[in-house]
Structures are given as structure tokens and as C-alpha cells.
Amino acid sequence: MKGTILVVNGPNLNMLGVREVEKYGGKNLDAILAQLEEKAHGLDYKIKSFQSNSEGEMIDFIQLEGREAKGMLLNAGAYTHTSIAIRDAILSVKVPFVEIHLSNIFNREHFRSHSFLSDIALGIISGFGENSYYLGISALVDLIEKRS
Amino acid sequence: MKGTILVVNGPNLNMLGVREVEKYGGKNLDAILAQLEEKAHGLDYKIKSFQSNSEGEMIDFIQLEGREAKGMLLNAGAYTHTSIAIRDAILSVKVPFVEIHLSNIFNREHFRSHSFLSDIALGIISGFGENSYYLGISALVDLIEKRS
Amino acid sequence: MKGTILVVNGPNLNMLGVREVEKYGGKNLDAILAQLEEKAHGLDYKIKSFQSNSEGEMIDFIQLEGREAKGMLLNAGAYTHTSIAIRDAILSVKVPFVEIHLSNIFNREHFRSHSFLSDIALGIISGFGENSYYLGISALVDLIEKRS
Amino acid sequence: MKGTILVVNGPNLNMLGVREVEKYGGKNLDAILAQLEEKAHGLDYKIKSFQSNSEGEMIDFIQLEGREAKGMLLNAGAYTHTSIAIRDAILSVKVPFVEIHLSNIFNREHFRSHSFLSDIALGIISGFGENSYYLGISALVDLIEKRS
Amino acid sequence: MKGTILVVNGPNLNMLGVREVEKYGGKNLDAILAQLEEKAHGLDYKIKSFQSNSEGEMIDFIQLEGREAKGMLLNAGAYTHTSIAIRDAILSVKVPFVEIHLSNIFNREHFRSHSFLSDIALGIISGFGENSYYLGISALVDLIEKRS
Amino acid sequence: MKGTILVVNGPNLNMLGVREVEKYGGKNLDAILAQLEEKAHGLDYKIKSFQSNSEGEMIDFIQLEGREAKGMLLNAGAYTHTSIAIRDAILSVKVPFVEIHLSNIFNREHFRSHSFLSDIALGIISGFGENSYYLGISALVDLIEKRS
Amino acid sequence: MKGTILVVNGPNLNMLGVREVEKYGGKNLDAILAQLEEKAHGLDYKIKSFQSNSEGEMIDFIQLEGREAKGMLLNAGAYTHTSIAIRDAILSVKVPFVEIHLSNIFNREHFRSHSFLSDIALGIISGFGENSYYLGISALVDLIEKRS
Amino acid sequence: MKGTILVVNGPNLNMLGVREVEKYGGKNLDAILAQLEEKAHGLDYKIKSFQSNSEGEMIDFIQLEGREAKGMLLNAGAYTHTSIAIRDAILSVKVPFVEIHLSNIFNREHFRSHSFLSDIALGIISGFGENSYYLGISALVDLIEKRS
Amino acid sequence: MKGTILVVNGPNLNMLGVREVEKYGGKNLDAILAQLEEKAHGLDYKIKSFQSNSEGEMIDFIQLEGREAKGMLLNAGAYTHTSIAIRDAILSVKVPFVEIHLSNIFNREHFRSHSFLSDIALGIISGFGENSYYLGISALVDLIEKRS
Amino acid sequence: MKGTILVVNGPNLNMLGVREVEKYGGKNLDAILAQLEEKAHGLDYKIKSFQSNSEGEMIDFIQLEGREAKGMLLNAGAYTHTSIAIRDAILSVKVPFVEIHLSNIFNREHFRSHSFLSDIALGIISGFGENSYYLGISALVDLIEKRS
Amino acid sequence: MKGTILVVNGPNLNMLGVREVEKYGGKNLDAILAQLEEKAHGLDYKIKSFQSNSEGEMIDFIQLEGREAKGMLLNAGAYTHTSIAIRDAILSVKVPFVEIHLSNIFNREHFRSHSFLSDIALGIISGFGENSYYLGISALVDLIEKRS
Amino acid sequence: MKGTILVVNGPNLNMLGVREVEKYGGKNLDAILAQLEEKAHGLDYKIKSFQSNSEGEMIDFIQLEGREAKGMLLNAGAYTHTSIAIRDAILSVKVPFVEIHLSNIFNREHFRSHSFLSDIALGIISGFGENSYYLGISALVDLIEKRS
């Protein structure tokens, strides 16, 4: 294995497959992560995933795991738009990451079009449902390997 | 009993009766909830109440209890003005709710006049001290029963 | 009787039960006021109600009756968002009041989320249809009696 | 006759032909309305016209006549830019209307370029002097008849 | 007599001497106008005064009297900050006027620091209590006579 | 013939009758222009029409034809909101023009409510579908003939 | 004599009677001050006047003379709109003052409609040419004597 | 083949591999499109690609090809931030599309963080260099096939 | 000992000495706190320190300890810019505090120049690395002792 | 010859000497360019000039000629204020340039005071009519030669 | 000699050749002025130059010399962005002037892109180091002579 | 001695101990500077202090002394919020400095929360009365010695 990719999921993503199925699809987070793991293995990486509704716990996780990991997929959910502290946690461990979103954050409420994370991300993928995760890992690995 | 009403209290509401008594009154949260419960029983509902200073724990509670409950009284305290994640939690479980505040949020600091919750609430009650809770449950039950 | 409560209704509230029944309910203003009066009597107050489409007439009424009244329920309709003169009329007679709205003014057009009245009101109740009136009188009387 | 078209004129339009003749032309409102009536008759409609300097009276008139009328020409004058209450009156009776202005409101003071009425109008005609009225009735009748 | 000066008073000025005496003084409007009249006579002008809480009636008065008058003292009260229609009425009759205020409008709520009238006034006098009227007539007459 | 009226159509107007028929109607641009030509002939003018998706080509056309023409109907489509260069082209040839729109630009996306053209237009007609063209030519000819 | 009134004139007021005579009148500052002095004597005050183009010198003067003076007329010229330091100087000596302007600052460039001084002034007089000084001293003395 | 995917490239993308190689990589557009074509064939689609520096030509192409195509990859370059006309062209032919960018538009100049296209796109992919194209076609095909 | 000083550290401050050593220095938080304790003892105070990445836990700590403490040093990290709830917690226990920052928050991203805490702090010290703590305790004790 | 200087002229500059002669002077673009060429020859440079009303063609020209040229004079006309794409074209070929304008863009409409080009230009010359070109080439050559 | 040209230099320009040599060049102000004088003589003008760090002294100089001079080169340094008083001084003596800057003020801090002087200048030259002075005098003389 | 520290005091600081004693304390500037000097000597530095109400004189002093000094304490008073010229003076001599304020500038008028100096300061200390000076010199010396 070439290393570990963190997959960090923010508030309410544990409700996937439960809430608003018509908007986010009927598959739950575990099923997505299972499929993502498979994809990661095919790329010779393992994933370490995490979900929390707590901004503080997300920071704890990023601090703890971020320095050893090769990269991170980050779907920070609503904290994307309100958390400077998660931004700082990423900066403190300098883990390269891709920002992903299930829905297209640009055609929702106006306050979702600003992100405190985008300008320090490698890139952003938004609007493709569960596929945002699969595209994201592919994009992330591609960039990591080009940089090394 | 016709069902359960959640009563969710955000940060610093555990300090009721302690902090700034001249502004918020001298009764503590437990006493208010006790009186609220009585009022709820009179309307043939039970209440399940919760208080936390943590945004994440409030989300956990809403996710856990929100789908079974008939409705929710929500005094999100300062998170009213900063939390999109609580908004998303409510949307994920689709629980009808009334937004309540002890003080009149419109005659305080400017940043308290914007709420991330109001536009998805059934209604808002602000400024009546502990009575905001009692008015709120009455208003909530009235709307729930009209809708069903 | 302990005194008089003014119930002041602004522009277009005479169309209740007529206009946009799906949004505001099918009961007309007179019927609501009748029920409100009953509720007031139960609290040992009489009500003096008024409706006008004219900002000036609303000011006239508040000036004339405001000083003797114990309190006021004010549904200023659209003038909520545009009238500084009504604000001044209230300040001139110093009548304590509760601001009420039938609909939730926070999930309508953006220009309805600002009120020239809220910061001088005792409190605000918005979104409960005719029940906003009944909740309002209860809230108002409670505060008046606490203050005296 | 196919029905009635309301022609509602706001503040200061009674001064037409008197005030600022170089800007608005020398014909007074009665003369314009007479010519408009002729045009309406040619289209098989009668008109019922109204002018007031009072926001409240304009609302009274729209409430009273708006439900029976087939449509309305509305030159709300300065209230175009400040009155939400007139907007609400129109919404309450759901009368289809065309917003008209004598002068081009977009090359005057900055505060005249915002209208509280335009987004609920069928359309807007601005800048053609008295001809705005004649164009307006033609445009209005055309749309009314297409819709029915 | 050299001519007539209009003295137009907007909403709530009929409450002078009644409301907020500590802020506006204990003299009522009639007493001020009586003293003003005396001052006007000394300058060889008569005054025609008017007060209304209604924006529309103020416009009616200005239209009716504005063309014959030599000048106008205008204390539009709260309509100073919200009425474009009064501005238009003045423009329609082209009466030269001085804008006056009892209190200093620049050290009150932020929304009182914008006036729809100031830029078309000859000048503005704000903050001198009843003296704003006496200063105003002196200032107005001085300018009228210089212009003619 | 009294002269030539330009009819300039901006981007995507060639899609009329094809795109979004429910919003813009099923008639294509050629059919509208044919009917417009007839109307122009009745007024003793000929029309010279032009459509392009290119801002530069629109400028070329206005420069080339604008000086000889008696007037112009301009439906600049989306360039209404983004092009200062078309504004300059019109100013350079000083052709009097009426700004027209098929739909009501004031009840669409917020960015469509600003126009770089309105303040230099004679007037604006918006919201009447193909009729905006027919009303426009009538309004334009009326103004041209009054000015000459 | 009852005391001293400061008359402080800011930048470019030494050019009065020289610059832009059509806007500010042909009388120079000395002549105005002479007439003002006469008026002050009639009111039993003497004046101490000062003019400088330097913000720092204006502050020096206010600090030096402000504590002993009974009041101040302040025409801070362009520093009205840019100087917080002059505001602080006034606050430091707590001299009551009237803000005056020769021209009507509300119908000039937009940046002249904000003042860093107005909210701490007793009142403001703007637009009456040299008469702003004579009205100002009368207004100031009236307020000083009422306060003492 | 299941159909055609348009690949539309806006201004300056013909300079790929030439300009700012350190930022955008050294591969030119033809090479990227060749690799993209291969990827498309593997998904059983053919691509039809287009590049222009002209907003008008981009609109022409989208109008011409957009109705028959199954979907579109759109890298509108700088027009992303300034063109409402391209937005309208897409709306007129209703072609589903993915918005792609080579660089991360959120960590560049502030004016690049607003897009006139994002809210009508299926999704957005930004920051992955040439890989944005390959990810984009995969994401697009996935969504198209889910929708049909 | 004269009492206890709280030293509350927000998100990512546990990474001191680890993250961005070139910006924040190589000493870790424990070492700084040890040195701070020594300094406190010299001033005859003991310190009780706390660090958390969780907004809720910071509130819990302030509520629990704030009422007994003599004062607080608060480095709220990124929550400085986003947390109204921490502000409320401080207000609820009324503990006097000094706001400190390691880096100069005014020469970083624009969103770091606003603080929800500064206006209720005794003072602010920003930009001196670990020395901000030592300066802070000295400043805090000085003020506490002056006030008592 | 030392090399080539591009002289790129944007929309409506072909109307020079035709349009608004009182504002831009009566000399046409060819005459100015002829005089400019002479001046360039005197400095031992040749010029290659271009004018287009099309943003796309301007980009084409800059891409084609920009890499070989020693520098560029750019009068982008109205595209100065709306085109990010021209900015990108310049960045892609890295040609040093001076931004010039015939008129003073700072005393015209407000929207002309922002330029998408100024911050990447060597310098800006605005307001000197045709002389802006002659000053511009002198300034440009001076800087180019200092840099090499 | 045809007359005098003022060359007015604002704050910190006395530091030229000393401060930030890499940004402003190593030549000091006297050397630049000497070279400028030579250039002026060649054009048959003499120059009178002035430098001060004091806004007030700059105003004094402009008042004193501005009326007799034929024109002025003005490099107001930082006062460009903050001084309305210098603007007024220029207006009071009506001296035609060219605004010059050594550096390109549009690629520095955001607050340097606004000037209180540009809209009343003949033109602006920014970004060419000492050459801005030499270009400026040439531009100024050219305009002065055209105007006379 | 290790060198000289400048202590620069802006407008109205000469009024310390005189003005608003309840806000700023009763000690005058000389007494504070004497105590500061003692503290400086203890750190083996001498201080050279300066106070002026004139922006220009402050610039003169900074230019004259700034290059030789080891560092500067700067309390620019109200010029903190309005002076770009002082910022430039500091940049021109590159003296490292600490920005200090007696009062907490963040809980006063809104316009005091912006500083033109903070982002180029080493750090900021605000709110500790005279102690801001003593803390400031300690902080400054600590940073200077770390840097050398």
C-alpha cells in the first residue's frame, strides 16, 4: 500500500440514505465508504474514515491523523460555510485535501456559496452525489502522485 | 398521550436563573421545563427535553429523536445566529418546530437579528422570558394538530 | 376590568378570510377579534380594536388611545417594514406592545425580514395564523402584569 | 363590454399638466384619462380611474375594485419605490396589472430604480409620457385576453 | 405683508409638549406656531400652518398651497426618512423650503441620518428644539429676499 | 417612407419559438419581425433588423446603421446586463432607442434587474412577449415624431 | 460680558469672497466675522475666531481655548468628513458646539453627506451662506443659556 | 455509441501548454482532448469539441449542437465570471452540463469566485488540471445515465 | 494566593510547537503554560488552564470556572471570529478577561480581523507569540487589582 | 529597429473623429496611429496596430502577436471594465503593457472607475485625448528599456 | 516664458531615493525636479515646486500660488486617498492639474485605488516612476495650450 | 545602551490627565513617559518621545528618527483610523513598531475598529490605559532582540 487517505465527513452525513433521499440518494454512508475503500485499494491506498456532527471532534481527528496521511477527502457539510477552526486544523497538519459535496452547493441557499475551505483545497468537486467521493479519491491520488 | 414534543435548548441556557437574572429572570431551566411539562400534559403530550453547550450534541439529539417526535420547541441560543449545521439536522429529520427566545433578539447586538433557523421554522416567539416556552408549546401543538 | 388592550391592524388585514385563504386561513378579521375579545375578557381586560389601510390613521389612533391603554397588540402589516412614523407614534405615547404577524415573515421576500418596530416591542410572535393574536394577548398581559 | 380596467394613479399625478411641464408634458390627467377611455372603448372595455395622494386610499380602492376588474394600469408614482402595502393589496385581490411611468425611472435619482411592484406586474412600461398609458392598456388587454 | 410662508408639520408633531418632554420640550405645537407667527409678522410675512399624521394629506396641502406661497418651513418628522412622494409634491410646486428638525437627527438611530428632502432643500436646521422653527423662518426669509 | 427603424436583437433571440416556448411563446423571430415590419409600414417607416450572438457584431451594426436611422428598438438580451460597449456604441451614433424585453426582467434572477442601457434609453418596455416589439415601435415612432 | 464663543473655521474658508463667489457669496471671512462679532456683542458674548488649513492647528486651538469658552461655532470645512481627531479634541474639552456649513452639504458630492462631528454637536445648520454663522450664534447662545 | 458529449472551451484555453505552464501544465488542448476522446469511447460516447475566444461563437456552437447532444463539459474560462449570455444559451437548449476548471478558481483573484453558470450546472469540478476534464466526463456520463 | 486566573485556549492551540513553527514558534503549549504559571505565581495568583478544540467544551469550562475566577486569559483561536456562544458564556459568568493572540490577526486573512469577543474584553494583545500570554497576565492582573 | 510595439484598440475606437467630437476630438484613429507610428520610429520601434469591436478578436490578436512583441499600448475601451478574458490573454503571453484612455475615466459614470486591467499593467494614462497614445508609447519604451 | 507650472509633492516624497529604492528608484526628489525643470524650460515654462508632509501646508501653497499658475502637477501621495480639503483648495483656485503617481496605485493595497482628486483632474498618470513627472508636464502643457 | 526606542503620540494625547479622566486615567503624558523611560532604561534602551496634533509633524518625526531607532511605540490616536500617510512614513523608514491604545478601540464607535496601521505593525496592544505603554515597550524589545 502506498499510504492512507483520510475521508472526513461532517455534520448530518450520518443521515445519508435516511434524510432527503430524493436529494442525496438512498445509499447510506457506510455503503458509500465501502465502495470507496474498494476504489482506494485499486489505487493501492487504504482509507481511514471518520464522521462526526461535532466541529471539535473533526478537528481532533484531523490533528491526530492528518500528519501521517497522504491526503484527505473532506466533506465538511455545513461546517464548510462556518468553520475557520477546521481550516486551521488542516493548515496545522498540512494535509493535501480535496473538498467534496454531494449536492451542488451553488444552487442552494445563498449562504452555501461561500466556503472557508476552498481556497486552501487542492480542488473542489460538488454536485455528483456519492460519485463526488469516487471522483474525489481519483483526483486526490492523481495530484498526490504528481507532487511526489 | 398524543405524542412527544422535543424541547431543545442551546448554549448557556443551563445558566438560566444564574446569569443575568435581571435580563432573563431568576427561574432556572429545570423549573421552567417542569412547568412546561405540566402544560404539555394538559395538552396530552409529553416532552423530552435536552440542553447542551455543544453544537454537535444538539445535532446528535435532533437526529436521534427528531423523526419520532411530533414537533420541537427550539431555543438554539447563540447558535441561532451561527449554525447552518443545526438547520441541516432539522431538515434531515423534517420535524416541525417553533423557534423561541427568552429575550427580544431584535433589540440586542446587530448580529443577533439574523437567524439561520427562522425561515424553516413554523413560527417565531421572542422576548417573553420563560413565557416564550409556554406560548411556544401552545402555538406548536395548535399547528401540529391543524396540519394532521 | 383591569384595563384596555388596543388591537391595531394595518393595511390589508381587512382582507383576511378573503385574500390568499390558503396562506392566511379562511376566518375574517371580525371573527378573530370576536374570539380575541372573549379571550381578553377571560383575562379581565377589554379590547379596543382598529384597522386601517392608512399609515396616518393608524398613527391617529395610537396617539388618541395609546396613553390610556394598558398595552397594544400590533399587526402593522406591510407598514412594519416601511414606517418610522408608526414607531414614533408608539414612542410618543409609550404604550407597551407585542408585534404580531399571521405569517412567518422570515420565510417570505427578503424585504420583510426587517422591521422598524421589533426593537421597541416587548416581543414578537410571527407565523401562527390567527393564533398569533391569541398568543399575543396572553403574552402581553403576562408582561404587563409582571411589570406593574 | 368585456369588462372593467382599473386605472390607478398615485401621488402627484393630479399635478400633471401643471407641474414640470417640460418633463411630463402639458396635458392634465383628466385629458389623458379621457383619451384612454376612448382607446379602452375601442377595445371593448370600460375604465374606472382613480387618483389619490394617499397610500391608504389607493389600497382601499384596489381592495374594493380589484376583485371584479379584469386588469389594472398602475402608475403608483413615488409609492412605487416605498410601498409594500400597495404590493400586498394587489396580491390580496390578485388583479393582473401593468406598471407604467410617465418618465424613464432609470435615468433619474438612484432611489427610483427600485420598484416594490415590478416583480409581481405582468410587465412594465416606462418613459413615454402620456403614451405610457395608451401603450399600457393595449399591452394589458392583449395579455388578459391571451390568458383567458 | 410680503406674502405667505407655509409651515408644514408631519407625523407626531401634534404630540409636542405631550410626548417625550425631556427630549422635545414642554411647549406644544400651537404655542410654538403662535410665537412663530409673531416672528413672521415682524418680518412682514404671514404664516399658514398645517399638521398631519398622513403622508397623503401633507402632499395635498403642499400641492394646494405651495404654488402661491413664498416659501415653506418643513418639519416632515419621520416621513423625512421614508417619503419620496412628499419630495415629489415639493418639486411639483417648486416652493423654496428649509428643512427643520427639533432634535439632532444625526445622533439618533442610524436610519434617521438619511433624508429624502435635504438635497432639494435650501438648507437644513436640526437640533435646536422649538428654536429650529424661529431660526428657520429667519433663514428662509433671508434667502427668499436675496433671490428675488 | 419617413425613414428607417433599426431592430437589433441580441444573443439567443434567434432561438425564439424554439427555446422555452412556455416562457417566450412559440412564434419565431422571423415571424415577429414580419409582423413588426407590417406595423412599421403602417406607420410609414421601414425596418432594418439584425440579430447576433456576438457583442462585437452588434456594435458593428449599430455603428454602421445607427447614424442614418431614425430610431432603434433594442432587445439586447443578456448583454443588457453586462455590456458597456454596446452602450458606448449607441452613444457614439446618438440613435434614439427604446429598450425592450420579452419577459419581465424584474421577476427573474437578481442580476437581470440592472441594465447598462436603461438610463440612456428613451424608455423601456418589458414583459409583454412579442407584443413588446409592437408596442415598442409604436412608442418609438411617437417619440421620434414629437421630437422632430 | 457673559463669556466667550469660539468661532473655528477649517480649510479653505480663508478663500471666502475669493473662491467660487457664485456658490459662497462675495463677502470674505473677516467681514463675516466682523458682523458676527457685532451680533455676539448684542447677545453679550465676545467671540474668539480662528481659521486654519491645518487639522493639527485646529486641534491645538480647540484644546487651548475650548475649556474656558462657553461654546463654539464650528465650520470644519472638508475636515468635517475626514477628521476623527477634531472630534476627539472637542470631546477632550467638552465644549458645546453648533456645526455650520455655508453650502447645503447634502446636495453636493456623496462623500460630503457624512460628518464625523454631527452626532456630538448640539445641532447643525447648513446651506444659508454667511447667514449660517449668524443663525448659528443665535442658536448656540439660546441652547447654552437654557442649559445653564 | 450512446451519443455525443460536447466539450466547450472558452477564451485562452487554446493557449494551454503554452501559457503559464507552471500553473496549467505543459500539455496542450489537443492532447488533452485526444485523451478525453479515448476516455469517452471507453464509455461508449463520442465527443465533439470546440474552442473559441469569442463569447458569441461559443453561444452559436451551444445553440447549434446543444439540443442533439447528451451532455456537455464546459470550461468557459473567464466568461464563467462575466457571461449571462452563455448561461442563456445553455438554458435555451437545456443541455445537461458539468462546469470544469483547470485551476482552483477559489484561490485566485476574488472576482473569479463568482460564476454565472454554477447554479444551473449539474456539478462543478475545479482545480485538477487536465484531470478536471477526465473526471468531468466520468461524472457527466454517470449523471446522464442515472437520469435516463 | 490572591486567586485564580483561567487560561483558556481554543482550537488548534494544542498543536503549538508542532504546526507552522516558523509562524508560531517551536515551544509547545505546556511549556508556555509552565512559564506562565511561574509568572502568575510571582504575581501571587495561580492559574487554571484549559484547551479544547470544541466550542461546547470551552463554554462548559467557562461556565464552571468563570464565576470563581478573578480573571481570564482567552486565546479563542478561530472561534474568536465565529462564536457568539462563547461570548454569551463569558457574559453569563461576568469574568473579566483579556483577549490574546499569538499572531497579528490584522495582517492575515480578512475574515480574521473581526472578533466577537473584543468589545466585551478588557483589552486585546495580538502578535507577540508566546509573549502575548506573559504580557496578557501582567495586563490582566494590573486591571483586576485596579478595579478592586 | 529594436522591436515591435502592439497598439490594441477596443470597441468604438473606430468611431474616433466621428462620435462625440467635443469629448474625444476630431482626429480619427488612423491619423492618430500615423502620428504614433512616427513617434515610434523616432524611438526605433515599429508598431503593429489593431482595432476591433469584438472581445474575442482582441484576444485572438493578443495571443497571436503578444509573445513576439516588446510591449503593448492597450486602450480596451468599455472592455476595460467588463473583460476578464482580455486580462487572461495578456497574462498568457506576458506582454508588458500600458493602459491608456482618451478621456478621464474617473469623472464619468461610476462603473467606469473599475478596471480589470490596471493592476496587471505597468502603468495607466488617462484623460489626455490622442496625447494619451503619444505619452503612452514614450512611457512604455522607457520602462521596457529599463527592464532589459 | 509662458508662465509657471506648480509641482506639488505630498507626504513622504521627500524620502525618494532613500526609502524603498527597489520600488521607487534611487533618484531623490531634487534630482527629479532638476530634470523636470530642464524639461519645463524646453517647453518655455518655469516650475515652482513644493513638498510637504502636512496636508495644511499643501493647501496653503495651492491657495497662495494656484491662482497665478498656468497649471499644476500634483503627486499628493497618501493624501490622494484621504484628503477632501486638498480637493477643495484646488477647486477654490481653479488651477488645471494632472494627477501623477510614481507607482501603479492600482496594484497595491485596495484602499489606494480610490482618489478624491481624479475626477477633478485633467488626467492621471500612474506607474512610471520619475518618468510620471516628465510625462505629466508634457501632458499638462499640451492641454493648457489647447485650452487657451 | 542598546539603542533608542521612539515613542510617538498622536492627536489629543497631550490632553491625558486632563480630558475624560474617568476613561483615560488622571496621569498626564509626561508622567507616563517618565515611568516608561525608567522601564526602558531597565531594558537598556533609551527612549525619544514625541507628541503632536499634526499628521504632518508626526510624519516628519518618523522620517527623521525612524531609520536610526531600534523600534517604535506608536499611539497614533485618531490618525490610526484615517492616516495612510503615517503608514507610508513608517514603511519608508522600515522601523519595527508596536501599535498601542489606551482604551479598547473595539468597544467604541464603529469607525474606530479599523486601523490603517495594524497590518504592518508587529503587534497591537489595546485597552490597558497607561499600562499599554509599559506592556508595549516590553513586547517591542522582546521582538527586536529575537529578530536580531
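Couple of notes before you dig in:
As written, the chains take the letters A, B, C, D, E, F, G, H, I, J, K and L, and residue 1 is the first residue of each chain.
Basically, contacts are C-beta pairs under 8 Å (C-beta built on N, C-alpha and C of every residue); 3 or more make two chains touch, one makes a residue touch a chain.
Remember, it's a predicted structure, so these values are computed and weren't measured experimentally.
Between the contact lists of chain A and chain L, the overlap consists of I. The contact pattern of A-B recurs in G-L, the pair among I-L, G-L or B-C where over half of the contact pairs coincide by residue number. Averaging C-alpha coordinates per chain places the centre of chain G 64 Å away from that of chain H.
Chain centres here are Cα means. That of chain C falls 49 Å from that of chain F.
Centre-to-centre spacing of chain E and chain I amounts to 55 Å, using the average Cα coordinate of each chain.
Here the CA centre of chain E is 24 Å from the CA centre of chain G.
The set of chain F residues touching two or more other chains comprises 54-57, 82.
Of all possible chain pairings, those that touch are A-B, A-H, A-I, B-C, B-I, C-D, C-E, D-E, D-F, E-G, F-H, F-J, G-K, G-L, H-J, I-L, J-K, K-L.
Put simply, chain C touches chain E in their complex at residues 54-57, 59-60, 63, 82-85, 87-89, 91-94, 116.
Within the complex formed with chain H, the chain F residues making contact are 10-12, 14-15, 18-20, 52-57, 77-79, 81-82, 111-112.
Chain contact summary for the complex, chain G toward chain E: residues 104, 106-107, 113, 115, 118-128, 131-132, 135, 138-139, 142-143.
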